[in-house]
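Below is one structure; the comments refer to it alone.
We just call them A, B, C and D in the order they show up, numbering each chain from 1.
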Amino acid sequence: MSIDNVASAKANSNIEQPFAALGLKPDEYERIKEILGRRPTSSELAMYSVMWSEHCSYKSSKVHLRQFGSKVPANDSMLVGIGENAGVVDIGDGWAVTFKVESHNHPSYVEPYQGAATGVGGIVRDIISMGARPVAVMDPLRFGAPDHPDTRRVVNGIVAGIGGYGNCLGLPNIGGELIFDPSYQGNPLVNALCVGTMKHEDIHLAKASGVGNAVILYGARTGGDGIGGVSVLASETFDADGPAKRPSVQVGDPFMEKLLIECTLEVLHAGLVEGIQDLGGAGISCATSELASNGEGGMHVWLDRVLLRDSTLSPEEILMSESQERMCAVVEPNKVDAFLDVCRKWDIEAVVIGEVNSSGRLTVDWHGEQIVDVPPRSVAHDGPVYERPLARPTWMDARQADAPTPERLARPTTAAQVRETLLLMVAAPNLASKTWVTSQYDRYVRGNTVLAQPEDSGMIRVDEVTGRGIAVSTDCNARFAALDPYRGAQLAFAESYRNVAITGARPLAVTNCLNFGSPEDAGVMWQFEQAVTGLADACLDMGTPVTGGNVSFYNQTGDVAIHPTPVIGVLGVIGDVANRTGMEWKTAGESIYVLGVTRDELAGSEWAHEIHGHLGGLPPVLDLNVEKALAEVLIQGSQDGVLSAAHDVADGGLAQAFIEMALRADRGATISIPANIDPFVFMWSESASRAVVVVPEHHEQALASLCSGHGVVATRVGSVDDSSELIFSGVYGESVKATIDELRSTSEAVLPALFG
Amino acid sequence: MSSRIGVVTFPGSLDDRDAIRAVTLAGAEAVSLWHADATLQGVDAVVLPGGFSYGDYLRCGAIARFAPVMEPLIKAARDGMPVLGICNGFQILCESHLLPGALTRNDHLHFICRDQRLQITNTTSAWTSNFDMNQEIVVPLKNGEGGFVADERTLDQLEGEGRVIARYLEVNPNGSRRDIAGICNEAGNVVGLMPHPEHAVEALTGPTVDGLGFFTSVLKSLVDNGKVLA
Amino acid sequence: MAIVVVDVALKPEILDPQGRAVQGALGRLGLHGVTDVRQGKQFVLTIDGEVTADKLDEIKKIAETLLSNPVIEDFTVEVKA
Amino acid sequence: MAIVVVDVALKPEILDPQGRAVQGALGRLGLHGVTDVRQGKQFVLTIDGEVTADKLDEIKKIAETLLSNPVIEDFTVEVKA
């Protein structure tokens, strides 16, 4: 088999190359020729095509994402910002935290179990490659209609895959989201978040410095998985009788990843590593070009040394393979043996595949022939950047005008109808108990989980001596983003921020996973630009920098895109996790307050969706100053021990918030609906910036002064009791009652009936 | 001199840290043992922790059972040293034939993580002597293959000899025969338990602190048996 | 009554972590010379009545859609008795 | 080079929840007349060199101690090529 090498690329420069089949545009191909001063070899073409893909180069999103860098708020907690594998935040006492969320949407539709499993695996490697020990995962998920015949397959596979991988790795699952909407039918969203902790001195970066240092590839062997389009190159054009089309599905090996975590942390802590990089999308191409261009700028690789699972792989395929559970480290020559010893201890194969040099070039040899000779930056960072056309979709006006007024959408107007609505809403798949899913995940492993489902945020104790800890939440109501992507992204951020503050943790940093349709659709691009701008503006206002994230485009079937879904993750810090506020109201006689203002805001609400299948109008208004004031009350209230419970108000409004608190506590309460508001609006409006808090009598004064000090409206609405009933009084002149048992059995039956 | 309790780490062990924390909170000195070392470093008792040794590939515990550390451990267990196998550790003890029966795929086919109510039904084993007979406790349970099976004769024998040390209450979470959550060997020094007492040792992170009883029990039995001084 | 056996195996190019772990254990237990181990699934179906050509087609269809995932697995169907 | 196939099946008296779940699904997919489904494992070992009688004994021993758990499983060993 003859290999296309640099010499032959120079010698015969005009052969036809399948750049279009690899997803490169003619002008991108011309640009590569210009960079190299000749045609690329087949291996170079393969490298550029994957590294310049949307997934790796952010070519459509880059111009917008820049806002996260240009609108950074003054916040001195950011130790490593956007651009590295994951951002790093200072949480005090010498501790640092890194967290990031990433999508694995399309693979999870094709092969739900493995797609979701490898999604978890990928984000965990990003966290390890910063030098951190992964300590928790979260899984924001979105599926098509609950009763669609294909949803069962997708839900069961994805949930089992996330559990199968995360449980086996020993990472507690501390939260996530579970949302059903027909817009995700052929495009389920699997976003996976991982948090890691480390001491400041353990932070590591992906760069290949030190001329003469060895480049070591370790972990799983390289196989033919996840190669996708590159097989066109390898099998059809360059070698007609070559291997069959490679599988594009990757299979995960969580056991190998667990060993990889332990092995990597051991070599890092032993001071054996100069630079480190995980292998994810674009495999060795990405790892070598990124390491080289972030370091001294030169690297030579002997590609034939890579350990293979399948000996028939071509060099192009090896460069592109997305085989899971691999890492790449840069190690000083005199430390290579020690490094390999640690690998042996953990039963991990490792091999020196390259060397750092000062050539300024990334060169790759295959059995003595040079097959790649490129400037590494041109591969890793100088990909094309597009200013894609944007246009506000013409249907936006009609959608926003279609407000859910009482004339358009019938509302309950009697106590009997309110009770009927209450039971229907409890059984809505988006509001029902998530236990069927979360009980498939280990939330206890590592013994530091302070809060997990169904709490508003996950909370992990970082320091077992001082009790210092972190809280993380992810949120997005994509229907709000569909009604107004700018405000929708801000509302998602505000909800996530609030969920962290509810627990008593102070929000510090933001990550995001921006799931959208095709960037080649001007309407989608407009939604994207609006969402990014909304988020960046909000982060600037609230003083929380974006430390990283991920963009997933092309989530659409034919012309129909998913709802724009900017999932926002917020990380907060708490000085002592013993001070956390949970959502469980524990003590009879304590007072229940609603903080914030409830308006007639039902556009995009769960009620409009579940009862009427309606999506129209303008999403709830958001005043970030109000949000910030509310957060201060919640954080201060936790520190001072004023609050005995607190819970966020979002999907399903106050009715849902009270129900969730009652179910958590297995204890009833009586809520008197204030006279100045319509009972239906009080119960199901989804106005922003609200929380339910519970205080013992001797702290009511303290709560009042906290709230007035921050300008937060507090309304006492009732008290916790010893009963097993939730009672709403003042509902159109009557009381509406539901027993906890009835609420629980209704809520808990929904998911098992659909998917069990 | 305080008791020294070993906690074995196999490739894929996950709850080893938690077991060490529990042992320490109970007042013993925890000693980390490595699967590839054929020594127990002179410890007084051993915990085989939960997790997915060797990824639970093949069968849970089947590969770990052949680890070098298991050789001295099996011998010491036969000579009366207290050994507690939690979840994956229980599976390893069954695969090693230190305990009868086997653990099979949960009957509902899902991994399950829940706060589980248990009844303690033996107060003479090395790991349960600090509980009261029929005491009810709540500890986390998390497993994919936790259904205890054995033939009828073995089950009758276990029950007849009082060797069922804990049973599931309210919900049988995995289809275990006769609601069995844990058993011990004839001598009572080797105990296997599917639920995770090491996750119920601190109010902050566990549903209760009921799990501590298993670890304080072994300290007491070590003193009672004259293995360590009080 | 007939017995139909469906064997499902990962495609050769797909990673088989279980097989790999078993292979490692075989070596440690002293069984040498095993160059590869693949772990698959076997379904043994007991069928009422005769397995006609139509019935077999039905079973093959099920093997392809339910018992295996053609993206990563191959299968064989064999009528035993 | 030889291929040795080891089939491992749950003993008939042991409940097989996976087999039962598959049987239920078969019914829902319209394949009727399946009175029982059992799910087992299959190990395909590639052996360097010839499988002598001694080698086969070694493999049987491994099948009994490592590849199956005699408390709940039966196994068969077959040399394929």
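Note that in this section a residue touches a chain if its C-beta (ideal position, glycine included) is under 8 Å from a C-beta of that chain, and two chains touch if they have at least 3 such contacts.
The structure displayed is predicted, hence computed values, not measured ones.
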Original post:
Which pair wins on C-beta contacts, B-C or B-D?
Top reply: B-D
Original post:
How big is the gap, in whole Å, between where the Cα atoms of chain A centre and where those of chain C centre?
Top reply: 36
Subject >> Inter-centroid spacing, chain D versus chain B (mean Cα positions, whole Å) >> reply: 30
Subject >> Residue numbers of chain B (touch at least two other chains) >> reply: 54-55, 57-58, 63, 66, 108
Subject >> Overlap residues in chain D, where contacts from two or more other chains coincide >> reply: 66-67
Subject >> Contacts with two or more other chains, residues of chain A listed in rising order >> reply: 253, 255-256, 347
**OP:** Provide the full list of chain pairs in touch.
**Re:** A-B, A-C, B-C, B-D, C-D
**OP:** Could you pull out which chain C residues touch chain D in their complex?
**Re:** 1, 7, 9, 19, 22, 25-26, 29, 31, 33-49, 55, 58-59, 62, 65-67
Subject >> In the complex, chain C residues that touch chain A >> reply: 10-11, 13-17, 20-21, 24, 69, 71-72
Subject >> Footprint of chain B on chain C - complex, ascending >> reply: 17-18, 21-22, 24-25, 28-29, 39
Subject >> Touching residues (chain side chain A, partner chain C) in the complex >> reply: 110-111, 114, 220, 223-225, 246-247, 249-251, 253, 255-256, 309-310, 323-324, 347
**OP:** Spell out the part of chain B that touches chain D in their complex, as residue ranges.
**Re:** 58-59, 62-63, 66, 94-95, 100-102, 104-109, 147, 149-151, 175
